[in-house]
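What follows is a group of structures, each given as structure tokens.
In the two assemblies presented below, chain A is common to both, partnered first by chain B and then by chain C.
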Partner chain A sequence: MSIITTGYPKTGWRRAKAAGFRVFTWGSLLFVVGPALWLIIGVVVRAVPNWRWNVLTTMSQGTSGGLANAIVGTAVLMLGVLVIAGTVGVLTGIHLSEFAVSRRGRASGATMRIAVDVLSGFPSIVLGYVGYVALCVGLHWGFSLLPALIILSMMVVPYIAKSTESALRQVPTNYREGAEALGMSTGYALRKVVVKSALPGIVTGLLIALSIAGGETAPLLYTAGVTNNLPTWSILHHPIAYLTYYVWTDWNQPSAEAHIVSFDASLILVVMVLVLLIVARVIVARTQRHAEGAR
Partner chain B sequence: MEEVVRRDVDSNRIASLLTELDPDANRPANVIETNGLNLHFGPKAILNGVNMTFARGTITALIGPTGSGKSTFLRTINRMNDRVSGFRHEGDVLLDGQSIWAPSQDLLAIRRRVGMLFQRPNPFPMSIKDNVVAGVKAHGIAKGKQLDVVAEIRLREVGLWDAVKDRLNESPYRLSGGQQQLLCLARALAVGPEVLLLDEPTSALDPLSTESVENLMRTLTPALTLIVVTHNLGQARRVSDNTMFFYEGRLVEHGPTSQVFEHARETDTARYVNGLMG
Partner chain C sequence: MLTSNPATVDPIRRDTSSRRIGRFVRRHEEGVWRVSGRTASLLPVGALLFVVIVLAIKAWPAIKVNGFGFLTSTAWLPGNTYGGVEHVHGVMIPAGARYGAWPLIAGTLQTSAIAIIIALPISIGTAFALTERLPRWIAQPVGFFVEILAGIPSVLIGLWGVLVLGPFLAHDVYPIVANNVPNVPVLRYFAGSVGYGEGLLTSGLVLGLMIVPIIASTTRDLFLQVPPLPKEGAEALGMTDAEVARRVTIPWVRSGIIGATVLGLGRALGETIAVAMVSGSVLGAIAPNVYGTMTTIAATIVSQLDSAATDGTGFAVSTLAEAGLLLAVISIVVNLLARFIVGRSSRMSAPVGRS
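And now, the complex of A and B:
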């Protein structure tokens, strides 16, 4: 009896610790959800009262007019980043998790990993300036789509590569062994079994990448330029408009009209990112119908 | 009289046709043979000097304490160890009389001929039907509507059809552990292997599922040759024709199961099968 009473003297202390921990986790949740809501509500409240539907269909004229050129421009940039950075990033992640593990492949993996870390640590404005000097001026490409895509892709490849690598590493050995024992080739097993079950992680990486591509301003100021026209089919020598340019530039203008355009651009960007999130969720949910966790 | 002659002719023809159709007729009697097989991981010797033949259409049980080398031996037969770093082998494993490491051998074809069932059920994250035909698709054996037929035949073969026929497009992880293991067996059978390696196939299953897997194993012979690693001595006794006892990296004894269990030549074998050594 005495053992029990003296053995558990700290129930009160453990309860206090548990309660304290819960306060911290809820606090962290508020810290994340609060600013997100604040930003969205702030943008909606300022943009909606002055909303005109024709910003979606008309071109900008300097600091006034519509945003059709910028909407299409941002969409083109996102799509380009999805193709370029998506391909390079996912392949990098596959190399790091699947091929850089053998004794021979380890050196390439180490080199690649350092490069990825270095790249992800670079300030975006530095990358933008490098792009301006090396591509726009050095190669005489001018402000245009290709240098913008290259610089944006360099920025986001690390996110995609890392999330792809860690998602692939979490695929159960069971699946790989099962595929191997059935006589599937490495590539076939990767495509049909392994990548499929790593898809949620890979898609998350792509989403972050696309959000960054849509939300960046600094590197684009140096590489994309800006224009009142819709993007053309030529990827060189033709500047391209994007939403964040108007968010930033028009807010710094004195006129109230420019401020309205600035908030319209913000709202459109927020909506685009939200739509992207929803689409990605739907895709993931559809492919993970048969996943182990989705009982 | 005439009738009798005609019957004679027919039965001859049938006999020759059967021989012609029997895929095993022109193959060696021993589907797998190991010659002086030594296995190492790095500097560590796992298994020494295994000389063994596996007769076609039999069930062989591999028994022995943990770490005795029996699982490594099993995984060598379909070359699953090849990619494990540090794995080395001396001696040879013959599949239908040909070395599995011969340069002319196609690794993927070997794996198709030598299937494997694992300790833990490992269905892929795809629908039940897609699981059954995963290997069939990979090897391009069938496609389109044929896949439905293959899926049904194999699910019937393992006795799972009635349980899953209405949910072929659902997740395999909603099935019980035993059903998942049967699904994996159907998947392994679907590519038409000659040999099936089973690595403690029922150790994660309840007694009833274990029984259904064991019953199935008996129906799979003599069309297939089964090699089973098991820690369940009762199971080895119930299902196998021959038993191999591994201990400390050696194949201590092998022979017909009843002999190994009842009249073991070696004291280690007798001690192990009588539960005096674990």
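And now, the complex of A and C:
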């Protein structure tokens, strides 16, 4: 907030420009917050009047029925992404932050950073296409869990790696020096001091990655397939349902029943994403308060 | 060093086996971190190579047949997929199959351009409102709300765009614009039939809404890093807040804003589902005015892969690979550009105190 607001020019043109700028900033805030509220409220008011709780427990029958198979399917996909992309992403972030900064590791670190950057901006449908062509068809895996997980992981590993790297970089140098002064070995200090104090940032990155994975459609359409049954234990040859599929296909089906399925799936997605993002935010806020208190 | 010497160790702290294991773990832990970290960080590199190689291999027959005409032709004819086949340059294709990607390329560039033109000023205005106008206790939740918008699944934004925003615009906004616009270059494209709300301008607006959070939250963080003294100095010289923003705040972080914008551009170019829902997905057509239905590369791949798989010669799938390769190249170039711009800006303010 600027403190001095009284010294406004009396001349017309500069005064008009300042007033115009004021209108412009408030207006653009309105143009961002307005549609966002409109969107979320729009989904809620369409889903809530027709909401039935048994949607959560009954299986889908294509354009009618419940969404239990899709909810479990999305949960399985998110869990799989958490395991695969979480491991790869966090380790990549640790490598980029801790080991790829020495003179020897810098050249390879640059290559890895470029790969991570390019992958994070890669069109998701192109990744889905490659998954379909190379894994589902080329390797005869069919529409199934494993190709979907591999493609989703390719999408979110860059996010996890970047957030891990920046969380590790924010660990104060004093902590590392203190650990070294206490005679800790580098690896032990990394686990007990550096990664531990960066953990909130890492977890936040993981939660955001999960919300991305749960809300993706394009890479799953041609890798996961769809089914009316619950996910099975086999990771190949058995398609798996997910929530976004029902939003994407059922909204322009002729029956009103299908529209209800579509809006129910939308509502569940909105709630899921909001919960994940708010939890991530709370973690950030708590750690920031602690960090400021410690100073 | 001292504690591991038996002579100086307290007799009670004998070298038990568990202690030996602990020492072994501590000694080799760094190696484990190093090796696993290196292995893991090679995976994204490998994945990227894998994707590009698969795309190139799948696209090669289509590149041979379609040639450079692919970039300029407007045909999108799958040919007779049940009848005869032709041999072109040693590649088997369905009789009469002709593909051209110019409408897709044009649609991709047009929607992204509209999105950037809308999103950039709105993002800067929003960031300014969040940092300078609103009191802090309300700026934080509002800023968080803007970030949430970035996390809303694109299929929901598409659903809202096609069911709520599109009809609203086509019914209440577009007719007013179309009837009152003067017949001069550029603005001429805003006249004519307004359609049903699915088309170029609606896609651009929806894309703009999707990339605003990316640019706005980055810009807000950049504005917060601008030191207060230059701003206060400028105010003390009698500048209005508009002049302070234009001459001090924005120039201070200009390259960061450009980098965030190019990142948003990358997202807009590759966005699939939302555009597939609100663009009307009309193949082989360039929108005659800003309300016309059209399609983009990504939307074409998602809507056509199903039917392309029915082409027994595999030529349609190969053509989609060529389109995908084109999109991948565009987005890689945009990303490296953003990296270059942001990298150049961050070198100017070198981080101090980190080994």
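Here, the second predicted complex is superposed on the first by the 239 of 295 C-alpha atoms of A that agree within 3 Å, B and C clash if a C-alpha of one lies under 4 Å from a C-alpha of the other, contacts with A are read in each partner's own complex, and residues count from 1 in each chain.
By our rule, contacts are C-beta pairs under 8 Å (C-beta built on N, C-alpha and C of every residue); 3 or more make two chains touch, one makes a residue touch a chain.
Because the structure is a prediction, the values reported are computed rather than measured.
Contacts of A:Lys196 after superposition: chain B is touched, whereas chain C is not reached. Contacts of A:Ser185 after superposition on the shared chain: both chain B and chain C are touched.
Counting the residues of chain A touched by each of chain B and chain C gives the higher count for C.
Legend: residue contacts after superposition of the two complexes on their common chain; A:His140 is shown touching neither chain B nor chain C.
Once both structures are placed on chain A, chain A residues 185, 188 are touched by chain B and, in the other complex, by chain C. Contact residues of chain A toward chain B in the complex are 102-103, 172, 174-175, 177-185, 188, 192-193, 196-197, 288-292, 294-295.
Across the interface of their complex, chain C is touched by residues 1-2, 4-5, 7-9, 14-15, 17-18, 20-22, 24-29, 31-33, 35-36, 38-40, 42-43, 87-89, 91-92, 94-96, 98-101, 111-112, 114-130, 132-134, 138, 154, 157-158, 161, 169, 173, 185-188, 190-191, 208, 211-212, 214-218, 221-222, 244, 247-248, 251, 262, 266, 269-270, 273-274, 276-277, 281 of chain A. Those residues of chain B that touch chain A in the complex are listed here as 78, 80, 85, 107-112, 115-116, 118, 120, 122-127, 130, 134-135, 137-139, 170-174, 184, 187-188, 191. The part of chain C that touches chain A in the complex is made up of residues 26-34, 36-45, 47-48, 50-51, 54-55, 58, 121-126, 128-130, 132-135, 142, 144-149, 151-157, 159-160, 162-165, 209, 212-213, 216, 231, 235-236, 238, 240-245, 263, 266-267, 269-270, 272-273, 277, 298, 301-302, 305, 317, 320-321, 324, 327-328, 331-332, 334-336, 338-339, 353-355.
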